[in-house]
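There are two complexes below, and they share chain A, which is joined by chain B in the first and by chain C in the second.
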Partner chain A sequence: MSKRVVSAPHDLTTSSGFILPALVAARLALALLQPFDLTHDHHLSSPLTSYANLQEGIYLFKQDIDPYSGGIVRHSPLYLTLFTTILPNSRFSAALLWTLCDALGAYAMMNIYRARQGIKTSSRDGLVAAMYLLNPYLFLPSLALSTSSIENALVLLSIMFASQRKPSQTLLVYAFLLHVSLSSFLFLAPLLLLLISEPFSHLASPRAFSGDFKKLPPLLGEFAVCFISLTMASTLISGGFSWIGQTWGASLTLPDLTPNVGVWWYFFTEMFDHFRPFFLMVFSVHLLIYIAPICIKFQYDMLYAIFLLAGILGTFKAFPTLSDPGLFLSMISLFPETYPYLRYPIVTSLLHLHAALLLPLFHHLWLSQGTGNANFFYASTLVFACANGAAVIDCVWAGLRIAIGEEKEGIVIAQE
Partner chain B sequence: MFLSFTATLTKAWSFFLILWLTSCLYVSGEYHEHETEVKDFFQRNGSSTHTNNWAVLVCSSRYWFNYRHMSNALGMYRTVKRLGIPDSNIILMLADDSACNSRNKFPASVYANAGRNLDLYGSNIEVDYRGYEVTVENFLRVLTGRLPESVPRSKRLLSDSNSNIFVYMTGHGGNEFLKFQDSEEVSAHDIADAFEQMWQGGRYNEIFFMIDTCQANTMYSKFYSPNILATGSSLEGENSYSYENDHDLGVSVIDSYTHYVLEFMENVNKTSRLTMGDLFTSYNVPKIASHPGIRSDLFPRPLGGGEALHDYGRGSGWRHPGEWVGREQEKSKKGSEALITDFFGGVVGVDIEEDTSDAHHTEASSDSVPKERTKAEKKGVKASPYLAQRTTKTRSWINLKELRAWSSFLIVGLLVGLVWARQS
Partner chain C sequence: MHWRPACLLVLGIFTSLIHGTHIAEEQFEEELVIKSLEDGRVASTFTFTTLLKDASPRDPRTLALEDDEPQHYTLFPLTLGQLLRQYAITELHLTLNAGKWKYDSWGYPVAAGVGTGAELYAWLADGAPSSIDERWQGLRNALAGLFCASLGSLDEQRTTSPHLSFPPEGLLPDWDGLPHEIRHASHASEHVCTENLTPFLKLLPCKSLSGLASLLNPHRMFDADWHGMGLHVLWRPEGVEVRLNFQMVSDPLRSSTKKQDWSFSSLYDRTVVRTCPVAKSSRAVVSLPNNGVYSIVPEPSTIEAGKGRYDLKDKKPDETLDIQMQWGADFEYPLTSPASLVPFSVQRKLHGPTQDRGQLALVLQNHGSETIKVSYLETMPWLVQFYLHTIQIKVDGVRRDDLISNISYVLPVPHSRPATFYSILTLPGRSTVTYTIDVTKAFLMYTEHPPDAQRGWDLPPAVFVLLDPPSGGQHVAAQGFRVYSPSLLVDLATPDFSMPYNVIIFTCSVVAFIFGSIFNLLSRKFVIVRLDG
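So, the complex of A and B:
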């Protein structure tokens, strides 16, 4: 156990209870006021998560036209299920719904932190919630009504249920998540392993995997039942199987080359057709190859493995928005034990600041003003990928370094 | 524990399997219903069912002294454009350029009357085949659509099975032939075979064939494909004559049959309901100086024209009997009458008639509108019963997509409820 237990500089116990409601209320006020229309921003929503495309899908469904017969609607049919039945479909209700998702995400983060520390309440609760709600990478896409906020809430909820050892809830929420975003497949293995192990911090004392593998098959079976019944519900509402190619297939075949903050789109705009299948395979496999090594290396602390995979996803996903790396950055608040061991947090933060300034600037220069071209924006996405990569690598380093402990006089830690 | 788990698993599986099968049935049933509705819309009996209009206007003779043939074609071109067929749907073939002929005292203009009141050439005409491109081969290739890939779209007849085509030919002709360019001829059999190829290829809905040459009526005598209405300017063995000369140009400027047809067309506008029968009854034999003929035995719809059409070819004014092939079938024809605008204009005159009782119920409020309405408005009112019929039909039993949405939501809710209840 690390000697440096991080404690708050001043007592937040009395005020932390008010932080979450206050921030949620502020979020709600901002959403209802709607000072700008961010719905069409390329950084905040992608073709898979855009609110405009969701509205298109709902409209087409209501006109008795198959929403998945064209190339616009790439949202899961489960969204159609909810928005055409119980959820109202207006800007006002959308503001409420997205604020609710943010609140749920913050609540889940608080509970993950509490589960990891093994305490019922803590003085840092408010700080953790604030890290989620005040992160501009997260609240801007939420104001833009991008469904990536819903995806983030689902990720955090499933991790929360896993940390609280509630397998049914975990698997159901994760089944929803996998339906909504195929890239979250990366979380399947670590979530299941987290369910059968524990969320406590063992970063400083690595050991072999502590869970019982015999518990895995029933969990997998239950997940399969949830997943298949959700598939049937989706097939039922969309009246066919075309939704599979349009929603999940989009992450695999990249049919839409709308610019976003990721690195896939530019690569595939300049690619010859006969190389396309190969590189699509390479990019998809690139995401999959991280699962096994990270889960094996961090088998003593699966929560940290999930955190790192969220970072990988945020950097290398097919249609990312700012929410995906934003989730990773906010989740850093769950692992305060690693802060002393980060090697270059300043560099990473400055890179992120740099990218955050360049991305909208070059996007405007390219698409609004017309004095730049796509290379400008692509360069800024490269800087952003650099920043994300630096953050992930530094967190991997810190997670491993913490096991070695503090430096002592006269002893140098070298890598063989 | 594992056995009980598999038992619950199979129970859950069977429930979902049944649900999935029923949903597949719903889906397939709905698709079939859409198809029949769409088919019905396009195959209604008794009204003109065309959706687009085309015109093929051919002047087949060259040289300055055949000025009148070019102005025939250009006059038809102007009328057809005025009544609504766009340039993209007109194939104009002029074998010679009389506007830019060195003998033309009024360069860049072509006139069709003696006082040179109306310039038919203008600055807004589109000649698709000019000069030596007007050959029998090109004409037949345009009709049948068998053109090489390099031919641009403007030179193609891109008609489909819902197109009404107006084919007008003028030049020097004889008994079952028409002379092209003073060097070759097309025979009535060739054109009849070309029309049959078009019918087999689904390239027309109805054809109106008009020809102004000597012994013109022989040119349509060999047709054998359905849905063709034909008219010509003179009988076998009879010449067609020009109408008038212009003294400054020094040539005849228009043929008399075409002149009177164009004069009749001046009374037609896009929304008029004058019928083909009205056109035929307007033929005045002493004025035209030849006996125009009609062939309507291949044409399924009645020609209109009222009582006057019964005397066609037989009344006073006919120096000897005129020709109307298909006179006997005229009485027994059913359906809506063939309008001028069916061939010379657009789809303004196409009616969408509903004869189901559902439509009358929904149209009850609109029935009381006054009769004096323009064509477009009438079409607008009549178009809505189709939509009204659709929605009433889907509302009369369960609304399918809502059922699907709610049953899908039910599955999701069931899952959430199950997990909530277990609380494990």
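So, the complex of A and C:
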């Protein structure tokens, strides 16, 4: 049986120039029509990214009440100041802004793909953009005006700048990203390494890290300057350091147990009080331990390392929304060379389909209908975690297996 | 022998000196107010006031030192006095009520504190070696022990400082400008019962043996449609006053009779046999109806402004007092709403079909023709969190967001501090103002749920105070009077309580499976094995 399951349809390649604008226009029309109010959906926005909480923060900020003295506002002061000064704050402008973020994300994906192939324009541009804009895990949170769409656009922009070897832009965008979403810390090492190496695919021909480590300290310094100045700005804006505990602290101490698609919330709802700090530490450190092994194993292809870490974040971060696994799934389109080597793509896809049907159903049964209980929704988040985990495992497998090439008569490929 | 009378004289002077310096004069008064209500019920309010003359609250700075004030009380309750001095409390109010006070048909109560459940607030000065919050905690626990009530649960999850809606009723001493602060907590699901009444009676000088307190029969008190008790300590220029009150609303129509008749024996199943000998005054005041045929036995000693007064001190030792009110005609329930008893009425509801969010709605009706302003206070536990940006105010369906002003908001802290939301609402004359705000309902850890988690959580009542009523109107007396809305019940989503081990095991298994698989791949490498032959 052939393992080549995905290939670009011919019509997409011919009309790729129109695909991005057409999809963005459709996306904008949908955002403006607002067929459903999704802003409170727990799958699409977490307490850290919810539009209602952002609006509350902006309201309190305008009323001169410190939004970080307690309560539910966990957005960065940078968002608050942007929405009270530069950016207009209305439902209409929000529809425009979030569509713009999606368009930027798709554009960045296209450029990352071009940079990886080392070409100015490619026949798969349209497909890559469509993979971002048509992914329901991405456009539903964007319709719900979850700020995770903005964070995804920032992730992709920083990867794009890194692939294009533009250090200052990369570090600035990434510093902003780290400010608004602390768990993006996982991308720091591979992004810096990508800046000093190259974005081209070396998955099929592994080799030692090609970059020059001497370039690293100035980059780190520049990043530190960006990050510290943003921290200072945030402190000045909010008039104190209370925002740190309220925003960054939230993803470490999980003060809000609102259900989401991740594994943290129910675990810490049911956790015994005296074990809570220990397991909070375990879950936070667990995210960090993937950085070094993945960066070392894929030292010849940092872009792939970033992609895998995005998958880890989508599975295990503290307050995930659907757009976190969505980003990982859409980024698969950047690595078409690995498709023949995916381990169990059918099983993984079916798991995802299964979870995608169960999640909204069980959420509704528990919180709205009242006929199901919390375990139903918890079970569906476990299925979802398995689906995301399986996808990451598939991609790790494919990324390593590609180096051996196709299996031939008379040989067997085994793990040592 | 000339020295003996002289010696006695000296001794007499000496003892009177001791008395003069150390034992403060005390004064005890009791009063019962009975009023027939519009809906046929009868409200009775017992008030017992003890005044410790020329006493003043303890300066918190002296808390580090030994208390040099002797507490030689005869009428003033010693247990309470010790507690007030130990924590240097300037002013204290505790109410324990059961039921919903219906302002629209009952008017304002004699004592303002009628919020459902337990409510405790105190004014304390800073400057003590221990912080205000530590003393507040000590006070809560001491009162919980004194009144056998779950006041210990009025912890930091329920404590707020709403100084605008709860101004001190008496005076605050000026100790070189030490700041006074208020601590307030309420617990709507606390029930008042006989075990709270017994310690209450123990604080009275005559207990329930004589005087008006002998009417406090627990079988009738806690059978009433509405009942509640209160303890108030405040400092007045004359001294420290302790006021204990018990309010009840009984329904004479509940039995088969169709008349609104009442008597001491029908309301309380008791009569006054002995008067309290130490009471300086002992009065019963009955509000006499303006219209209708009635007879009242015995005749009041004085009648003024529609109120008949009885002085229990005039009672002969061998007679028993059993005031009886009898009506000529059957009671007819007023089908058309009478002229409003209150300047404005309030409804408060929590809407929303789901367990994750909802909407808090207030409907305020101004019965008068002039614009009035009311202050609105919510002391909301963190379980229900407000979205202030969604506040909408409508007058008869038209959006009027200008009617809310002076918003002050203390944000809640998840798993600890409640929110304090204070604002001033303007109610145009003869209008219905609808106020709505979106709320989210919190998700709690499984250890934070009470044993009967499915019952829901009681939310404390909102408090409204009428500010500057129109001059010359009938409701001038209502100014500054606290109006409590009914408490609310919120249904929070519950986790499965039987699952902690299972959840820990399942989640850890999934994490371990993914972690293991990835590290298995990362730590091993693919090799080609040739199959020979």
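Everything below uses one rule, namely that the second predicted complex is superposed on the first by the 403 of 416 C-alpha atoms of A that agree within 3 Å, B and C clash if a C-alpha of one lies under 4 Å from a C-alpha of the other, contacts with A are read in each partner's own complex, and residues count from 1 in each chain.
Just so it is clear, contacts are C-beta pairs under 8 Å (C-beta built on N, C-alpha and C of every residue); 3 or more make two chains touch, one makes a residue touch a chain.
Quick caveat: nothing in here was measured; it's all calculated off a predicted structure.
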Chain C versus chain B on the shared chain A, clash or fit after superposition: clash
First (chain B), second (chain C), both or neither touched by A:Thr371: neither
First, second, both or neither for A:Ser229, with chain B first and chain C second: first
Partner chain(s) touched by A:Ser90 [first = chain B, second = chain C, both, neither]: neither
First, second, both or neither for A:Pro293, with chain B first and chain C second: second
Chain C versus chain B, contacts on chain A by residue: C
Identified clashing stretch of chain B versus chain C [20-28, 344-352, 362-370 or 416-424]: 344-352
On chain A, positions contacted by chain B and by chain C: none
In the complex with chain B, residue positions of chain A that touch it: 61-62, 64, 77-78, 80-82, 84-86, 166-169, 172, 218, 221, 225-226, 228-230, 232-237, 239-240
Complex contacts: residues of chain C adjacent to chain A: 353-357, 385, 387-389, 407, 409-415, 417, 419, 438, 440, 442-447, 493-496, 499-500, 503-504, 506-507, 510-511, 513-515, 517-531
Chain C partner contacts - residues on chain A that touch it in the complex: 40, 42, 52, 55-56, 58-60, 63, 65-67, 69-72, 255-259, 263, 265-273, 286, 290, 293-294, 297, 315-316, 366-368, 370, 373-375, 378, 382, 385-386, 389, 392-393, 396-397, 400-401, 403-404, 410-416
Sites on chain B touched by chain A in the complex: 2, 5, 9, 12, 16, 19-20, 23, 26-27, 30, 394, 400-402, 404-409, 411-412, 414-416, 419, 422, 424
